[in-house]
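The structures considered in this document are given below.
Heads up, the next two complexes both have chain A, just with different partners, chain B and then chain C.
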Partner chain A sequence: MSLNGTSAADVQRLQQLQQGVWSPLPLIRRRWLRVSLNLGVLAYVIAAWLSVDVNWDRVAQGMDRGVEFVASFMSPDFVSRSGEIFVGLQESLTMTFTATIIGVLLAVPVGLGAARNIAPAPVYYICRTIIALSRTFQEIIIAILFVAMFGFGPLAGVITLAFATIGFMAKLLAEDIEDAQREPLEAIRATGGTWLQWVNYAVQPQVMPRLIGLSLYRLDINFRESAVIGIVGAGGIGATLNTSINRYDYDTSAAILLLIIAIVLLSEYFSGYVRRWTQ
Partner chain B sequence: MPIREKDGLKEWQRREPAKQYAIWAGWMLGGMLFVWCWALISENTIWEFLYDADEQAASLIGRMIPPDWSITGSLMMPLWDTINIATVGTALGILIAFPLAFLAARNTTPHASLRAVALAIIVSSRSINALIWAMLLVTIVGPGIFAGMLAIALRSIGFVGKLLYEAIEEIHPTPVEAITATGASGPQVLAYSVWPQILPAFAGISVYRWDINIREATTLGLVGAGGIGLQMNAAINNLAWAQVATVFVLIFATVVLSEWVSAKVRHAVL
Partner chain C sequence: MLTLSGVSKRYQTSELALSDIDLTIPAGQVIALIGPSGAGKSTLIRCVNRLIEPTDGKVQLDSEDITRVRGARLRQARRQIGMIFQNYALVERLSVMENVLSGRLAYVGFWRSYFRRFPKSDIQQAFHLLRRVGLETMFDKRGDALSGGQKQRVGIARALMQNPKLLLVDEPTASLDPKTSRQIMRLICDLCREQQLAAIINIHDVVLAQQFVDRVVGLRAGRIVFDGSPQDLSPAILTSIYGEEDWEVPADNEDDDERSPPEDRVRTLTVDAHP
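Moving on to the complex of A and B:
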């Protein structure tokens, strides 16, 4: 009974089946691989757990504060720091909007250059390097560098977010261009159009709906990030949030977090609406 | 068809005039908003800092090169911690997100009110960055790796939960009907008709989130939540940019490696 791929375990399973005892097929058929994978995971979990040293006394002490924080969502305090919250949110929103527009405008040429089917090899490699650099490092790390170069304030934040937007948008745009249908590309090329005309009439109509959708998605991401980069001095609501958490002023923190959640929800609803409309 | 009379000749237009004006007004408003936003930013910027930005950048890069390789050995333990934060955090997040996704999916939720609660949890977790969760958790459970793990877990719940419940809503209904028709109980239906259908998506989502979490875990140390970010923060505060460069190189290598692993695994399961 040794057909191809039939092992002793399969034979045993068949015999059990004939007696009316059913068991599901294992996910990984090779027994040694399954066992060693399970053992490996177990060994890793133990090793990881041993390297964490949890100070349970400290956790127990902090529990009161945890409860206090959760409770503060029931009584968020929008009023006592309303000035700081308003200025911070305004700065976050303006940073988000400006950075997204600048980032998308810069991402379009980079994305065109990073698409294998329309860019020459040297341009392709340069653009791919830009994308890799921008995507590897978290926004906050880039923000630290830009704050060191351009000083504190929202300008460093705008440059950070725009830089991160370039990598994100250019990568997805390039993939989209690479997936574009070939027929329109050939048709426009056959008419003898220039490279710019070619991109404008053959590529642009194919990628535009997705480009709009992705820009709105990035707007959303940039807002969420703008709430963080304030921690290192790059402007926005993050600084206010950081201060309120460090002062254990959880009612204000809860108010800011609720506002962030509300704005993200709103923008998600809005971008869903626009995407349905453009596609 | 929109046609305009011009010198007695009919000229084809792409859009009706009203629509054309509306689009123009939209661009106009967008442009105005951009200018207004830029004015606000420029007001809050100290432009004097910018005069020597190129010198600052040059000196910064000059001090980063060459990286100080002597601290590489002492960075290995924080790097191991970073990977643990990401991995254990992802695992914890998945553990919580998994049942939540079934509660949030329209076709498997036991009750509409439970669905609303699950969706609210998913949205709140997703809207807030891991770094903010970490700041909060550091004040609650104290600084260290544990806070980082919990922060990563809390952020992952929303991400995994959202993608997973969307996958559950997209399953094919026929296997569910077939298993239900055999008289299977609720859990059996989930285990034998829903679960096999979402398994590839589930594996893909988990590995993808793990990959993102490796990146995020490298920065959690900035707010005291353990990992290599602690060393980075210390080096930045000491203005030891050569050491910062070493940390950057290590982060870069780790991220490239994790991205490679994640791409391989996703390729294998999807």
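Moving on to the complex of A and C:
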């Protein structure tokens, strides 16, 4: 038994233990540090709360508008703008599917390269950089850039969503590969197959269920995002929604939001079903 | 057939896991590699098929130096060396047949293996091997649907699909019950004799090893400390491999000096803390 690092505190704990007194080790062992950290966090929260300047008159005004908006959910208007809504939805769904497929296809090689246990160091760093770039910027910022580059419309939207999908999928795929069981990886390598055969036989079966689950999850994230990036001009149902809000046409906005909710719920149900089936 | 000369392995920031191993294994000989945990048994067999790169020394298979080969020649060398694992190492989401056929990966092209279109002769060989290990009706079952002993049998069939000259076997029975352990050891050793295969078997169970192998090599702290026939394993030699222990006394009435009364421990601690 090694006695290195035995301190007076350890001895005291052991003596107390003998007398039946024991409590788990605290996360931070130095008492003064533990106490002052806790007090510091509390003080910060109070200071932060006091520094927020709330204009209660404006809140009261906004409440009315908010109530109006919520009330319109009781009378959604699917009919008077049905043409625009239909075109918007169709465009959003097309954008979503195209972007998800392109994004997932591009994410697979990046994800393989970003898995520490299977990629050599230079490839690993390149792929991690791609992931970091893609994940740093929120979809709206990327959308603004691509709208500026490719003009208004769904092309900018598709490229935005595909780009965001790469970072998301590649990161989670790489993590799943890093969690793969080591022994099957060794076993297939020991058969003398090529790298591609090894990926196909040892890696793919272990990560496929997760890859499918994540792709479906990303599909519904992309649908929701397509509604948001439409507001900055990247096409789809978001553009329609934005127009209706600007016109104070809350009944149509409510109809659009209800449709978005319905589609997200449907895809949620569908992806749960597929995930159970691929396990 | 297999010759290791001066093989050493040093892991980053630690001492030698293997130091200067010389070992020659003639064709068809089955040897057991015994030794305490951490003695370097797993490292040694992984240095043979280069799943671990030896730091020093030379590995020769049929007089071809495979220590520094890369790419296609490394894969060529690996396919002549079958490997069987402690935790079976099946790809659990693949079927039994896919697992067995994966032993042929180095013999077929990528697209053939991708579409699972293996040559007829390979499929027949897989069937014969599955029948030999007693699992011919399980071919469509998924790996994770099998019991431990069955998984190990599939692992054996996969290794033999490579038509290897040498088998590396890493603790084949460590996760199995005593009866299944004996069956698996017998199966491995029978197959080696039938096919004139050499094998290195890492094993903890000395008694089991003695019953089945031609030769025993003892490893301690990365060095070979015994190399001889199973009959020569005396208590003195076991002590030299595993350290002090009364090998004749049954395990349950031994006097364990780790179990000293707690007061002594506290005294020891206190004394040490205040010198």
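The rule we apply is simple: the second predicted complex is superposed on the first by the 224 of 279 C-alpha atoms of A that agree within 3 Å, B and C clash if a C-alpha of one lies under 4 Å from a C-alpha of the other, contacts with A are read in each partner's own complex, and residues count from 1 in each chain.
One rule holds for everything that comes next: a residue touches a chain if its C-beta (ideal position, glycine included) is under 8 Å from a C-beta of that chain, and two chains touch if they have at least 3 such contacts.
Small disclaimer: the values here were computed from a predicted structure and weren't measured.
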**Asked** Touching A:Asp10, do we find chain B (first), chain C (second), both, or neither?
**Response** second
**Message:** In the superposed model, which partner reaches more residues of chain A, chain B or chain C?
**Reply:** B
**Asked** Looking at the overlay, what does A:Glu225 touch: chain B (first), chain C (second), both, or neither?
**Response** first
**Item:** First, second, both or neither for A:Ser23, with chain B first and chain C second
**Value:** neither
**Contacts of A:Thr98 with chain B and chain C, given as first, second, both or neither** = first
**Message:** Under the stated contact criterion, what part of chain B meets chain A in this complex?
**Reply:** 33-34, 36-38, 40-42, 44-46, 49-50, 53, 56-57, 60, 80-81, 84, 87-88, 123-124, 126-129, 131-132, 135-136, 139-142, 144-146, 149, 192, 215-216, 218-219, 222-223, 232, 236, 248, 251-252, 255-256
**Prompt:** So in the complex, which bits of chain A are touching chain C?
**Reply:** 3, 6-8, 10-11, 14-15, 18, 181, 183-184, 186-194, 196-198, 200-202, 205-206, 208-209
**Asked** Where on chain A is chain B touching in the complex?
**Response** 24, 44-45, 48-49, 51-55, 58-59, 61-63, 65-66, 69, 90-91, 93-95, 97-98, 101, 136-138, 140-141, 144-145, 148-155, 158, 224-225, 227-228, 231-232, 235, 241-242, 245-246, 248, 253, 257, 260-261, 264-265
**Request:** Could you pull out which chain C residues touch chain A in their complex?
**Result:** 49, 51, 74-83, 85-94, 98, 102-106, 110, 113-114, 155, 158, 162, 168, 262-263, 265-266, 268-270, 272-273
